[in-house]
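Both complexes shown next keep subunit A, but they swap its partner, so subunit B is in the first and subunit C is in the second.
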Partner chain A sequence: MKFFKVAGLSLASAIPTLLLATFIVFFLQRLIPGDPAVAIAGDYATPENLARIRADLGLDQPLFAQYLTWAGNAFTGDLGTSFQSGESISALVLDRLPITLILTTMALLVSILIGLPAGVLAAQKVDTSFDRFLTTGATFGIAIPNFWLGMMLIIVFSLGLGWFPGPGGVRFADDPGQAMFGLVLPALALGLVGAAEICRQVRSAMVENLSTDYVRTHRAKGLSNRSIVWKHALKNSSLPFATIVGLQVSRLIGGAVVVEAVFGLSGIGSLAVEATNQRDYGVIQAVVLIAAVLVLATNVIVDISYRLLDPRIS
Partner chain B sequence: MSLLEVKSLEVRFGHGEKQVQALYGVDLSIDAGEIVGLVGESGSGKTVTSLALMGLLDPKSAEVGGTAVLDGAPLWDERGRRRPRSKVPMAMVFQEPMTALDPVFTVGSQLVETLRVRRAMGRRQARAEALELLEAVGISDPTARMRAHPHELSGGMRQRVMIAIALACEPKLLIADEPTTAVDVTIQAQLLDLIRGLARERGMAVLFVTHDLGVVAETCDRMITMYAGRVVERGPVVEVLAEPAHPYTAGLLSALPAAAERHARLATIPGRVPPPGTEITGCVFAPRCSHRRDVCDQPQELLPHGDGREVRCIRASEIQFEGVQV
Partner chain C sequence: MIRRTRAGGVAAAILLVLLAACGGGGGGGGAGDADRTLRVAAAADASSLDPIRGNAGTDHVLLYPLYDTLISFNETLEPKPGLAESWTQPSDTELTLTLRQGVTFQDGTPFDGEAVKFNIERAKGEGSNIQADLASVDAVTVDSPSQVTLKLNRPDGSLLMVLSDRAGMMVSPTAAEAADGDLSLKPVGAGGWSFVEWKRGSVLKVKKYDGYWDDDSTRVAAIDFNIIPEPKTRITSLRSGQQDVAMEISPSDADGLEKASGVALDAAPRVNVHQVYVNRASEELGDPKVRKALSLAIDRETLLKSAYFGRGKVADGIIPPDYWAEPPASVKSTFDLDEAKKLLADAGVEGLEFDMIANADSATTRVAEILKEQWAEIGVTVNIVPREIVQASNDYFNDRKAPALLSQWTGRPDPALSYRLNFAAEGYFNTSAEAVPGIDDALKVADASTEIDARKPGLDQAAEAVFADTPFFPLVFQDSLIGLRDNVKGFEGNLLGKPKFMGVSFG
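For the complex of A and B:
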């Protein structure tokens, strides 16, 4: 019951942001120099030709009318057709989306499964050499660029040791198991920086919580250290944890573009790169819109977990 | 033998050059069922004494010396290794009701988990017992309160919950560190009644820490005055308050509203408690004492002063202080 109320609230508060996002996506697009009609018809098209193409695409309508048509269609899942290939953009996106979603999910798992325990352990051993080792590692980790880490991983683990397939990747539809395996290195390249970031945030939240009065009460009543750390202090650290995970998701969606390029994966990031090269505005718009929706969805989830995790937020 | 026997308890904070001593050979004994007041101004070392006994000082920064035996078993051995806290029949109620409870867990779950750890109860049994404990500390509608989070309760209620959690440990000794300092006067009176009642009912001894002699007068059987990490006076409450022997106890007493009425003003002792690390050779209270003489420049010992009383002041038998009848 509480969950539905909380979820409803969070969703409702996301709607204005979503509208704003569609606005920005649409109008920014129009600010980019270059005429899509020219891009389609070629540099030597006649004026009549160009006019016809503009009419077909609705480009001769007032801007705001164009926005309404576009947003309305997008809402029903119709993202228009690609200027370049004439294919449905929705189909294009749906074809590319799964690999990106799986990649970012795996990367997020890498970030959490490494970052969370590392942060908790560092906090427990605060100011020991173990803690300093982890925090220094995390500081370096945060500074490593995705693409560089990706190339290093390829050089060491696929070209050198041959443990993983090289760039290119297997299509998901062909062999899901093999495709997932091929995503391990990209997920590491994408997720390790997040692991470092999560480790740092979790550590500082845990250090703070472990020195509070209520932890002293738990000790006084005889709770085990394990229960104090992993149950009480950890749950009390869940707000900063949810915040940093939310930020990581936005970062992962951006980073996916780079990592997909390095590993030759045909996800939504590489779709965006191709579309940009070809001035395929509709596709770029669709990709940006999807990214915005994903980030917003993450924020909604983070918001819901805030409200569920901390009874003081109503 | 008393329930609690503490001999020359010492606490030092910090390391090497920067190490400072906070407690100097504190001796304490409490009989079963007895309520003993530990009094002194802020900074006297009352909380440090409590935390040292509970084993709640951070071993990385605090060094604890001396011995403490509770109910026949030492709290720590010669090498400083403590008996697991869950096995020691001792519990503590803290001063700050606003922060001492875990904000993200319900009152019920904090009580239930205590019972499960301390008394090895199953979930269902622990729940039933938790309800009884909440009732015992005077919380109405305990079933609803079980589901409440600490922030939904008033300060007084939270302190009652803290007491319930302490009772869940079935303590033979309860350490209550200024449990009523942070609540208003009416609530304070209720909490004092509650603690006194529970102690009598359950035969539980209480070390009642407070800076308020009025509270001691109402609640305690015996009292110990602490100053600068040392015991400076001890004895039965009625006698000490009727005729304080140490100028410091007398000073605290003259700050009581009852005494102040007679003198038409609230007396305070000038100056403040020297912090740990202060170099002191003679009487520790000398810098603030209006009865100081040359004899006071030698170190003072805790010496017998009549029946069942002790005082750390060489001039105690020369000076007469006005007390209050309680």
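For the complex of A and C:
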């Protein structure tokens, strides 16, 4: 019962943030210089075409009225139609969202599966050359831009060794197995930076925990090192771990824009870039809405996990 | 513990190798050559699959497989028969087309005179982006099922090549009516391939149309146009075997691609010209002597080598060399600093300074910086105003915030259209709204006939009028650079830089 109350409160507090995010983005994107009609007319711009397009877009309404109309429609699941193509934006986003979700989930797994054990191992061998090797590696990992890492992975593992397919390969609809395989390098490019961050955070939390009195007591009682590290110390380090994983989700969604471009993937990151270039306001707004929902949902989950992991947090 | 860690490491390594082994080499393999899909990495998606609703020059590569045009063209853009087998001009305001017989649209609808009338009227109607292309057409009469006549309100020699462009792409009237006039999502034409699937921003799939009129044509079984906007990603995708063709290779990447194994580079001239648009009504660049001085101060050969890596040709006018409408020998961009300084002195101009908007991509910025240095040699200061492409177009063509814009002219299938849109008083791209002296008379001559020999004198006259007034600074015709896997045979480009993929096969 308490769990549902906590979940309900977290969800309720996320709603104003979501509304504020859509409100700010709605007005900020109108500040992007450049007339959408010029983008839509493209090579066929003539005074007559531009006038017709402006009238069709209905951009002559007051901004606040436009926002209210959009928010009302969005509440019912109607995100409008694309300025550029006339397609349903909901369909457009739903078509591109799965690849981004799969990519970011795989990248998050990469971050956790590499970062967590590395952090734990480094903490156990604190101030040894192994620890210094891992922490230096993690510092490099944080500093490496993911587009550069992506290009290096392509050059080595795809063009050089031929182990993985190159960018722009098979799609899920054609061959799900091959498509998943093709996402290994993008997930590594996107997730390795997160692994470095998780490694550093887990290491410092574990170092702190491993030097506490209760760990000394466990050792005095003859508890195995494995049990102390993985059962007791790691559990007590889980709050900073949950925090950094939560932060990684928003970073991964942002990073997906670049990684999708490098690997020729058609997710919502590339959709956002196309829409911004074409001043397709409705699509930009929809992508931001989806990203905001994902980040807020993650925050809610992290919030709930705090309470589950540490009963002292009320 | 150490044993466990080592065991974990070994397991991870085995998993990686197994994963790689399971992955295989990527798509495309397995099927025989006759059934293979041609995979094309395109730089941009189609803005629409309905030819009258699109807005981008890059659309054509994706539209040609679906739609045959009334008139076709050869590699140097001379008109040749398409869905119209022949044409005549009963008078200078009439164009009669004799249509190919036995042609059907991909939905089985027969192609005939009524279908042509439907298409021309549709392209002139509401919701069409190309009404201006057919402004000279007043009416279409169907003389017989295999013959139509276009009645014009003025002589229009460019109409023939207009019919090789969007306006000539025939859509099925049955499909258009069923789709309530908008074929964006369900395109049906009479081209060599029919529509299968379009995932916007991702892929367009077409397959060979068995009922195509030209049985003898060589066509691959299917084409997947994979949309990959990032230039380097298109190249790595091609090199790794994920694509068979990669469009729009950057000049800076061309050398690397030529040296790579398993791939080849197709380099060909095209009509796309890199140029500086000039507002002749501006205070800074209103004097023809000043404009001529600035043009003379541009060392185009150096620009071509340093900014375009030698991949192109120096531009003398808006029409490229090796084109039937190429400018006469008298139109020649020369580099002469002394003459440039003299002209500035004659114009009484000293310490000239002006703003030049430039598309904010690295290649254009490189050109802008070189121009800035070259113009500094004659004491002219240019303030480069980098802008994202939509904003640049808006600021220059609509708001007229600067007297110059460094950008490109993507060309048109007919040369007269390029002259008219850029240099006639009503041309959208002529920000001065004043005609270049002599251009209207020259275009009247060029418009009097559809025969290229008869049109050439008028177009020469137009090139000379433009050269004399210097209403823009042509820089370079950058080559069309397309990457191909070694097993792709029969690929042919054209001056538009928009290949049609007819004749392509796997060798």
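By definition in this document, the second predicted complex is superposed on the first by the 285 of 314 C-alpha atoms of A that agree within 3 Å, B and C clash if a C-alpha of one lies under 4 Å from a C-alpha of the other, contacts with A are read in each partner's own complex, and residues count from 1 in each chain.
Note that in this section a residue touches a chain if its C-beta (ideal position, glycine included) is under 8 Å from a C-beta of that chain, and two chains touch if they have at least 3 such contacts.
Keep in mind that what you see is a predicted model, and the values were worked out from it rather than measured.
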Touching partner for A:Q178 - first (subunit B), second (subunit C), both, neither: second
Touching partner for A:S158 - first (subunit B), second (subunit C), both, neither: second
First (subunit B), second (subunit C), both or neither touched by A:F263: second
A:Q84 touches, of subunit B and subunit C: first, second, both or neither? second
A:N277 touches, of subunit B and subunit C: first, second, both or neither? second
Subunit A: partner with more touched residues, subunit B or subunit C: C
Which of subunit B and subunit C A:H232 touches, first, second, both or neither: first
Partner chain in contact with A:A220 - subunit B first, subunit C second, else both or neither: first
Subunit B and subunit C contact sites that coincide on subunit A, given as residue numbers: none
Residues of subunit C that touch subunit A when the two form their complex: 1, 5, 19-20, 22-27, 41, 45, 47-48, 55-57, 129-132, 182, 184-185, 199-203, 226-230, 232-234, 236-237, 239-243, 387-391, 393-395, 397-398, 410, 428
Sites on subunit B touched by subunit A in the complex: 54, 56, 84-88, 91-92, 94, 96, 99-105, 113-114, 117-118, 149, 151, 162, 165-166, 168-169
Parts of subunit A lying in touch with subunit C, wherever the complex brings them together: 33-35, 38-50, 84-87, 92, 95-96, 121, 151, 154-155, 158-159, 162-171, 173-175, 177-178, 181-182, 184, 225-226, 261-264, 266, 270-271, 273-274, 277-279
Residues of subunit A touching subunit B in the complex: 212-214, 216-224, 227, 232, 235-236, 238, 309-312
